[in-house]
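Before I ask anything, let me first share the structure, which is written out below as structure tokens.
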Amino acid sequence: MIVVMKVGSPEPEVARVCEELKGWGLSPEKIVGRHKVVLGLVGETVALDPLQIQEISPWIEEVLRVEKPYKRASREYRHGEPSEVIVNTPAGPVPVGEHHAIAVVAGPCSVENEEMIVETAKRVKAAGAHFLRGGAFKPRTSPYAFQGHGESALSLLQAAKDATGLGIITELMDAADLDALAEVADVIQVGARNMQNFSLLKKVGAQDKPVLLKRGMSATIEEWLMAAEYILAAGNPNVILCERGIRTFDSKYARNTLDLAAIPVLRTLTHLPIMIDPSHGTGKWEYVPAMAKAAIAAGTDSLMIEVHPNPAKALSDGPQSLTPDRFDLLMQELAVIGKVVGRWDIQPAMATV
Amino acid sequence: MIVVMKVGSPEPEVARVCEELKGWGLSPEKIVGRHKVVLGLVGETVALDPLQIQEISPWIEEVLRVEKPYKRASREYRHGEPSEVIVNTPAGPVPVGEHHAIAVVAGPCSVENEEMIVETAKRVKAAGAHFLRGGAFKPRTSPYAFQGHGESALSLLQAAKDATGLGIITELMDAADLDALAEVADVIQVGARNMQNFSLLKKVGAQDKPVLLKRGMSATIEEWLMAAEYILAAGNPNVILCERGIRTFDSKYARNTLDLAAIPVLRTLTHLPIMIDPSHGTGKWEYVPAMAKAAIAAGTDSLMIEVHPNPAKALSDGPQSLTPDRFDLLMQELAVIGKVVGRWDIQPAMATV
Amino acid sequence: MIVVMKVGSPEPEVARVCEELKGWGLSPEKIVGRHKVVLGLVGETVALDPLQIQEISPWIEEVLRVEKPYKRASREYRHGEPSEVIVNTPAGPVPVGEHHAIAVVAGPCSVENEEMIVETAKRVKAAGAHFLRGGAFKPRTSPYAFQGHGESALSLLQAAKDATGLGIITELMDAADLDALAEVADVIQVGARNMQNFSLLKKVGAQDKPVLLKRGMSATIEEWLMAAEYILAAGNPNVILCERGIRTFDSKYARNTLDLAAIPVLRTLTHLPIMIDPSHGTGKWEYVPAMAKAAIAAGTDSLMIEVHPNPAKALSDGPQSLTPDRFDLLMQELAVIGKVVGRWDIQPAMATV
Amino acid sequence: MIVVMKVGSPEPEVARVCEELKGWGLSPEKIVGRHKVVLGLVGETVALDPLQIQEISPWIEEVLRVEKPYKRASREYRHGEPSEVIVNTPAGPVPVGEHHAIAVVAGPCSVENEEMIVETAKRVKAAGAHFLRGGAFKPRTSPYAFQGHGESALSLLQAAKDATGLGIITELMDAADLDALAEVADVIQVGARNMQNFSLLKKVGAQDKPVLLKRGMSATIEEWLMAAEYILAAGNPNVILCERGIRTFDSKYARNTLDLAAIPVLRTLTHLPIMIDPSHGTGKWEYVPAMAKAAIAAGTDSLMIEVHPNPAKALSDGPQSLTPDRFDLLMQELAVIGKVVGRWDIQPAMATV
């Protein structure tokens, strides 16, 4: 249920309404939009009478029920206003959201050694990326495959961060690693295979760092938003949704089916920012440029792209990684589309360094 | 197997090589590319020795085997050169292919009456469309649903064609209707449900009109290309491939999952032109603009978009149809993306009439 | 809508009610169940008032609306009574349905030559099969693959029929072949790829031979029943539904996913008889026995099993074909399950000939 | 790689071979089959020469490479011999495996209160079940849905165990709960949503209780076996694989598609025991009996069936739960099939108490 305050409602009156609602056993969440303030209410609202709430204050414009099962994640919960996730990075805050320029995340699948991660970070930074991705803990189908360098890789990510000022995005697989990981990561990634690991969702919801929630391989849009709701309900409002390809009947050429239609669908259902990962989404670097451009045209808020200095020798996901040189070219192509849709603010100077 | 002739091969020599190959029991198909002439050979080529063929003429540059099961549809068969389908319309020939501007097809799901189809045709023509789509024969899940007006609708399509000069694209469901349909249609559509109706494929392959082959709901890319191969093998080289959404585990919001990654995948596998249908692909008009723009950014050669003067009263597929006014706006948005990728030649004059 | 007549309704009264309903512009279909007579009404029934119909005769017990979109195929249409398809074969009528013993169809994927088809027919007949399957016209993914021997294969099927008395089931791909095919076939098969070839469905619905309707590769249960409805609505009540494996995300080991849960689902939704094809359903002969036994335990009314005298040399589908010897063993295993569920009437004498 | 010892190899010689292989840096795992002893070797075996190993002892029959990526889970690893998981329960050890009678697991989705769980336990025990299932920690799509009573439910499961002697199977969602859960549970369940939660897999692999590994909603057979391999590789050989329905394009009637063909497929690929859960597999109790019978006919080693004293009031999964009375009837039906396939040892006395 949401309480929409009239334009120009005095701050003390909004506070008074909040206090009154707390007295009713509710936990109002104040959402400041462009024009209006909205109070989100989650809890035992079924028995509440909207008219009765309306009477609390003449500054209340209307009281509306949120019909979606994902209350806090729904677009109605913010009365149509998109949310933005502002990530603090050494180079300053980077906003991710519908009213901002596209945020670019780039880097290797996994952190292999200091030289490769620092070099890659420098190259993607020079090309205009805002964030470095790189796995310390890797979810691998086989127990005998490279599982990531773990904690030691975190310090290598820190080195890359120090060297470039890039924000760091890396995956959390085990809640036991959360503290160590959060010391380095600016955004904590929950991977596709853990999208419905509800214990983990509750834990990343109970801490402060923004969370990148990848869509499960066969998760419906609704299940995905419900997974986000777990994080929001646990107290963390900073969730970015990342589409990374779904599983269908055909995986012969593209490893997954990148569901770009999720962009307009999510736009109507949720206020949360959207990221597209065409590298995992297709599984082949040759298909990444077309899909990255398409994602921008379709309205994505950010992109995650795998870049590796030597894909042929990558310890994981080589076939879907671009070389730094190809990434440079891609960024120039993306700029063309990004600019005409008014979502690109990366300076040419950077892109050609 | 293909025989690549050297640049500058004299025409009589190419003809001589063809004759010689016919003498071997083969049916060489001459493909004139930008720089070179290639002779495509399909038939009992397993036992042939490329070196032996090479000796036929010093003008033969190389002889290569086509490894793909879709011989004629493969990109190798044209030595990497895309094909173009040139459709004759009253307004002149419209080329569809990788080296041409995007061709736009628009119109209602089904032809309902003369007024609606002619009015729609005029509106989409004014907005810049090259082709009018409209079903005379409709494949409907229920035998009790509107099945299309059949032959009488064909004359209404002719009236719309006469009034606007637009090319006509309409679906063939029964080979018995082929002659009547081909009198009006400039492109004959084979629908998703008939993609593996091999009898029908052979029949459209044995006539002259270009064929629009929609991808089956759960057809792999390879099955789709093999279906195209049926048409090519029957003698008709003019096939356009149309992606219209595949069936996955989630159909709650978008009715199908539009597989835009098919664009770069097809580009590497086949020389055939590509069309994207975001209307069927998503099932909701709200999602069509984002997906149409994405399709252009991803490199499609053409778009098929449902437009209906009054979607709420449409006899079929209303929810996925744009109104003519919304289509006007969409075309302006598409022009922005289409121009920066160098694939748009629709005149502003037309778009604003 | 259905009109349920009271137990013991006099025949002339039932006839009078039918006549009266015809006067209302309806086409009542008389369905004689075990205890009651039901009159099925399809047509413009939305505006009809059940109470008004009730007044036609005191022998009318109740008038009920059929809520399902598949009117004639729904179980309600027969007031819960299963239908049976009685197939005339040289050896006498073979009933297929819920109240009958399991009907077994066996034979090769395609008819290769007279010796193989007659030999196979003799062997499967000896093992207890009621029907011989064998393709004259074959739907093949590739235009270059063996397409079946066509009309000439029909006469070979006739020879096998003459030699054994088995009923013949073979696939129709093109309506132009219907007359020739119906001369030999006792059951006309519509294949998975043509399940939504509505033109073909209408044509097999307009003739007298029973129709075996295979489920499309990604057809929902509802779409499948709607396809059956096309046949029923065209006037042919004799439809058998055959599950043959659906397409999912995993085809590495089993080629398709055999949806045995379709059996209890269909049982609650439709009165039509059910067949299971574990050969296409799994794509490997090693998996066929487990799935055939499971199908019987789950309640199937019939089984279709591929048998080939020399699978390694089969022109199509060798890997999923049993040898005649393995089929003999399988029939013995099936008898064990079939007997305890009271659905087996094949004589041991036959099984051991 | 496996080392197959000859029939009758003296125990000390086998021990000596093990020691020698340890000296090579390998960790041989001794597998005692019906006739032969096999030594499984996992590790850096790529560079090893089978012939060189052969020379260690004249009692070595052959040395074979395991080609599958799931080494320890593969059937080759035990030279074709199925493994058995012997679960210690208060009523004695219960073996689960191909050479044993079918083990039956029954009980509610979640533990609601002491009375309901103890009553249900008594009823399913009387009907012949070997294990009680019941969730203390529940993975729910919505954070606002009942999440299970957690630790307090564990003591209720203990009460049911004390009252009946049934073994207990319950799900682990968070490694932090492992110790508390393992005190009560005889088998630890890893749910479908955590099938690729590799951190959790490693942890249940590092403890002693048998593990029930449910198949992920869209996990391929190979991914499932690789998940089992994580547990085996961590040192726990006692893994039971449970198929519980996969996700496909159709969920209108059956919530999932129960993949019974997984039974014969797994049988050829792995030695691990197989369980089928028709309750989650179909999502409707009406479909459970047909699928449970089919599972037995197809060769399952165990069944998991949801039973609730009052499904209409269940806190979760009511529609797929049988009442105790219906479960009694089902067990009688299952006995009929179970006996003819020689896999049923539940006494009639128990089934009719």
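Letters A, B, C and D mark the chains in the order given here, with residues in each chain numbered from 1 onward.
Following the convention adopted for this analysis, a contact is a pair of C-beta atoms (placed from the backbone, for glycine too) under 8 Å apart; a residue touches a chain by one contact, two chains touch by 3 or more.
Everything numeric here is computed off the predicted structure, so don't read it as measured data.
> Any chance you could check whether A-B or A-C wins on number of contacting C-beta pairs?
A-B
> Same residues or different residues: which describes how chain C and chain D meet, taking over half shared numbers as same?
same
> What is the distance, in whole Å, between the centres of chain A and chain C, each centre taken as the mean of its C-alpha atoms?
Centres of chain A and chain C (C-alpha means) sit 51 Å apart.
> So the centre of each chain is just the mean of its C-alpha atoms; given that, what is the distance between chain A and chain B in Å?
One centre to the other, that is 37 Å.
> Residue numbers in chain A touching 2 or more other chains?
In chain A, residues 218, 247-249 touch at least two other chains, as defined above.
> Which residues of chain D touch chain C once you look at their complex with the stated criterion?
That would be residues 218, 220-222, 246, 248-250, 252-254, 257-261, 263-265, 267-269, 281-282, 286-287, 289-291, 293-299, 336-337, 340-341 of chain D.
> Please give the residue numbers of chain A that touch chain D in the complex, ascending.
It is residues 42, 69, 71, 139-144, 147, 173-176, 193-194, 196-200, 202, 217-218, 223, 226, 229-230, 233-234, 247 of chain A that touch chain D.
> Which of the residues in chain A end up touching chain C in this complex?
218, 247-249, 251
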